[in-house]
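One chain, chain A, appears in both complexes that follow, with chain B as partner in the first and chain C in the second.
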Partner chain A sequence: MKKLLNVRNVVVGNEEIKILREISFEVNEKEIVSIVGESGCGKSMTLKTIIKLLPKNLEILSGEIYFDGIEIVKYDAMEKIRGKEIGMIFQEPSSYLNPLFTIGNQVEEAIKEKIEKKEKKERVIKILKEMGLSSNVYYQYPHQLSGGMQQRAMIAMSLINNPKLLLADEPTTALDLTTAFGIIDLLKNLVTKYNLSIIFVTHDISLAKYISDKILVMYAGIIVEKGPSNLVYTNPLHPYTQKLINCLPEKYKKGERIKTIEGQVPSLKDLPEGCPFSPRCEYKKKICENYIPGEIKIEERNVRCFKYGNFMES
Partner chain B sequence: MGTLWKVENLTKEFEIRSEFKKIKVTALKSINLEIYKGEILGLAGESGSGKTTLGKVIIRLIDPDKGKIIYRDIDITKLPERVLRKYRKNFQIIFQDPYKSLNPRIPVGLTVMEGITGNKKERYEKAVELLNLVGIKEKRFYDYPHQFSGGERQRIAITRALSTEPEFIVCDEPTSNLDVSIQGQILNLFIELKEKFNLTYLFISHNLKIIRFLADRVGIMYKGEIVEMGKTEEIFENPKHSYTQKLIESSFAF
Partner chain C sequence: MRRYILNRLFQFIPLLIGMTFISFLIIQISPGDYFTQLKMNPEISPETIENMRKLFGLDRPVIIQYFYWLKNIFTFNLGESFSYHVPVSFLIKVRLKNTIALSIFSILLTWIISIPLGIYGAIKDKSFNERVLSFFAYIGISLPSFFIAMLVIFFISKTAILPLGGTTSIFYENASGFEKFIDYLKHLLVPGIILTLSGIGSLYRLMKNNFLEALNSPYIFTACAKGIPTYKIYFKHALRNAINPMITIFGYELSGILSGAGLVEIITGWPGMGRLVLEGVLSFDLYLVMASLLIGGILLIFGNLLADILLALVDPRVRLR
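After this line comes the complex of A and B, so read on.
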């Protein structure tokens, strides 16, 4: 398998706070990688880091990001990559589509190649159809489409320049389940059809298992567990991953109480000294409060937790 | 279990104006339905199928075009607002977006106090008690909605709904905007409050995993009609309508 994206020890933040701390992961060609975690854990920031669209007050402080032979952190021509080599879709398609222009117009506008108008139109209608939309959509305005159709139009726009990598930030969270399911299967099929890799952000780990090859679990800006989706879901190692799975209502019978995660995601301004999960962790020992666990390899996974690797005795 | 609500032949159309013409959308197509006292009735179906409209028509936030709404043997379909007012406090609605039921310019504690009767001290104490019940501390009484997280805001919206001591609450996708972890807490809270206050819920969600976990009976809506209705286990084990089958299949694919 060929590596498409290689993120190495990336730290993002400023003098006051660190939003992402030593993030490392890889995305292979034709692979779907999910990022899961509660809101505020750094999922969206990870995507924004890859395309260098960080808020003004934040920067990449250290680390490297290799994408298809380019080192992105030092690269200064991101406009050549954004929307071309790397496409993006978001949770609210309506806020990224311009209400004043037809879908056809907007998708054509996104084409970077210099080709004739007629050829552009053909290409757009072809891709709309591949996304499961009728060619009529070419002439329609965003408000005339349902949420699911808008998301399909967004996907068409993000793929019009044949990107190698698609960044998808909770693209189905705002949709009802039947519609979401259609989008998810569409994305899965695109991988082989377009030779595409996808980073898929969601807070639903059961959805992550369904769609992706690998899962990264984030907590307070750290990847606490990563590995093959099936293993992470059926046999989670990190206490946070275990608790995330235990929150799902489908794990319970009627009348039972859901075992939720006590407490909240810590604010990045006052993070605990040691393991960021320690205030909510039932396995916490002294060492967890004083040191941040490093990454260790175990059962085909990388885990950051002192439970593993003979630390707990001390 | 007695019947709390009975609706017959409820029909509702909306008119939408596009540039050149008016189009009619049928949001509800002669709906018949009973809600028993003390149950959780789940309502599922795709976006636009009429779930929210049905919830709002039942508690008369929207008037139906045709049909009857019977609440505890009283036909409230045509009751004028001044008569209806004495029943209003008995039913509440909780939305997906808690901002809809919280005034951004009023401290949350005062919003909760609004629904409570009695003198000022009693109302304050009752509001504190209710907020405590959902895990919001007294020291946050005078904080504004934007100072709370999404999950906390939903808890406050729930408290506001409880403040009038209702017996029936329409819960319209109350956890769809929340993380799975917060969703779990809120679902537990709904169960606890139901037991504590003898509540009846109409629980709207497009997430069948939640419906199966929570509801005693479930109705499946499709294009303004209830296409299938019955005990939760029976519907999930043996769905009859093809739309229900499709819905269950896509819901449990992952």
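After this line comes the complex of A and C, so read on.
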């Protein structure tokens, strides 16, 4: 399998805070990679880093991102890549679609090739149909569509140029369950149909297991564990992943009280010096408070925890 | 759409009747009338005043007076001015023209300047240029219009580059049509500039904030992620959304065509409605005041209708409701 995206030791932040710390991962062609974690752990920021649309006060401080042979961090013609090679969809399609223009207009404007208006329209209607929408949607405004239809229109918009990579920022969070699964299945089908890779951000680890080949678990700007979905889900290694999976309702019998993770996510302005999860970790040792663990490869996975390797004695 | 407009136009009639009725009532039940001042004059006997009051119809009950006035309005008769003894329509014809010319001139100038400035300020937010612009906008908002008028008049009188006061120069009578127009425009310039200066600040800030808000909206992020050119992001996606709230404001500005310029008209000696109506109010010149209130009310209603129509044209969400 060919590597499509290779993120190497990326650090994002400013003088005061680091939002992402030493993020490294790869996405192969036709692969779905999920990023899982609590709110504010940097999932969405990772996507914004890849497409280089970070908020004004943040920048990529170090690291490299290779996309299809191009190094993106120092690349200054992102307009050529955005929308053309990398598409993006969002959590709330209702606010991410411009309320004043028809769906047709908004999808059409994303087309990069210089072709005739009539041809553009045909292409838009074709892709809308592929997304399971009627051709009528071309003439409709966002507020006339349901949430699921809006998200489908959004996907059509992001795929109109046949991009190689789709960044999906919690695309199903704002939708009800049946609509959400419609969207999930659509995305899964698109992978083979469009030769597409997807980075799927969600906070639902069982959904991540269902949809993706690989799972990255993030905590406070660090990828604590990454590996094949089944392994991460059934046999988590990092204490945080273990606890996260332990919180899933399906693990409990009726009437049983769900165990939550004690403590709170540390604020990014006030991170512990060592492993960010150490204040909430039951395996905490002295070393965890002072050093951030590096990546250790075990059982096809990369884990950042001193529990593994030979650090625990010290 | 046409049905909607017709519907709205029909609603105007009861609205105008209600509005004028309340105004008429308030003017007439407040103590005193046009003849109160004449009573002070010992040379005029009370009988004469009583006769004149009968002549003008002011001895009848207020309600009856109102309906007589209303009946005349429907025959396009605005009544006669007490103090000038001429029909009100004759009195306000020229004044109305002057005021409308001044207001439209200053409104257009204000919008033409402040909308692009607002967009520029939003795009260059927090830059040096933006800070300078916002500083001056702040000063413009803080200074009352009469003070700006004083400053401008002082500057003009020192440099004498533009004529001050009135609408025409001495040579006006002998000038050709085009020269007459230019001369009128020159006289219009001083009050026009004053009104524009006092209006620019707040409009600039409104436009800037609207545009900034649009720029920070999620759909702008989408547009960026689509990789469309920057000018399209600004002038298609952001501008269309930022202009929406401005349309409502434009509607209100139209309603201020008559009254908005009053103070500046008086200070700069521009013979518009402002001064006439002020004198009318002070001397209880009933029909003159009522005429100006009527025209103001019609302008307000039309301004709102125009804003609603424009908004429906621009915003599909309004159109469907």
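Note that in this section the second predicted complex is superposed on the first by the 314 of 314 C-alpha atoms of A that agree within 3 Å, B and C clash if a C-alpha of one lies under 4 Å from a C-alpha of the other, contacts with A are read in each partner's own complex, and residues count from 1 in each chain.
Everything that follows uses one rule, which is that contacts are C-beta pairs under 8 Å (C-beta built on N, C-alpha and C of every residue); 3 or more make two chains touch, one makes a residue touch a chain.
Predicted model only: the values in this text are computed from it and were never measured.
Novice: Is A:T192 contacted by the first partner chain B, the second partner chain C, both or neither?
Specialist: A:T192 contacts neither chain B nor chain C.
Novice: Just to be sure I read the superposition right, which of the two partners does A:F90 touch: chain B = first, chain C = second, or both, or neither?
Specialist: second
Novice: In the superposed arrangement, which partner chain does A:S206 touch: chain B (first), chain C (second), both, or neither?
Specialist: In the superposition, A:S206 contacts chain B only.
Novice: Looking at the overlay, does A:P249 come into contact with chain B only (first), chain C only (second), both, or neither?
Specialist: After superposition on chain A, A:P249 lies in contact with chain B alone.
Novice: Regarding the shared-chain residue A:I258, is it in contact with chain B (first), chain C (second), both, or neither?
Specialist: It touches chain B, and chain C stays clear.
Novice: Quick check on the output: what are the common chain A residues between the chain B footprint and the chain C footprint?
Specialist: Shared contact residues on chain A: none.
Novice: Give the list of chain B residues in touch with chain A in this complex.
Specialist: 46-48, 149-150, 179-185, 187-188, 191, 206-210, 212-214, 232, 246-247, 250-254
Novice: Note which residues of chain C are touching chain A in the complex, please.
Specialist: 217-219, 221-229, 232, 236-237, 240-241, 244, 314-317, 320
Novice: Spell out the residues on chain A that touch chain C in their complex, using ranges where they run on.
Specialist: Chain A residues touching chain C: 51, 53, 78-84, 87-88, 90, 92, 95-102, 109-110, 112, 141, 143-144, 154, 157-158.
Novice: Along chain A, where are the residues that touch chain B in the complex?
Specialist: 38-39, 146-148, 175-179, 181, 184, 203-207, 209-211, 243-244, 247-250, 252-254, 257-261, 264
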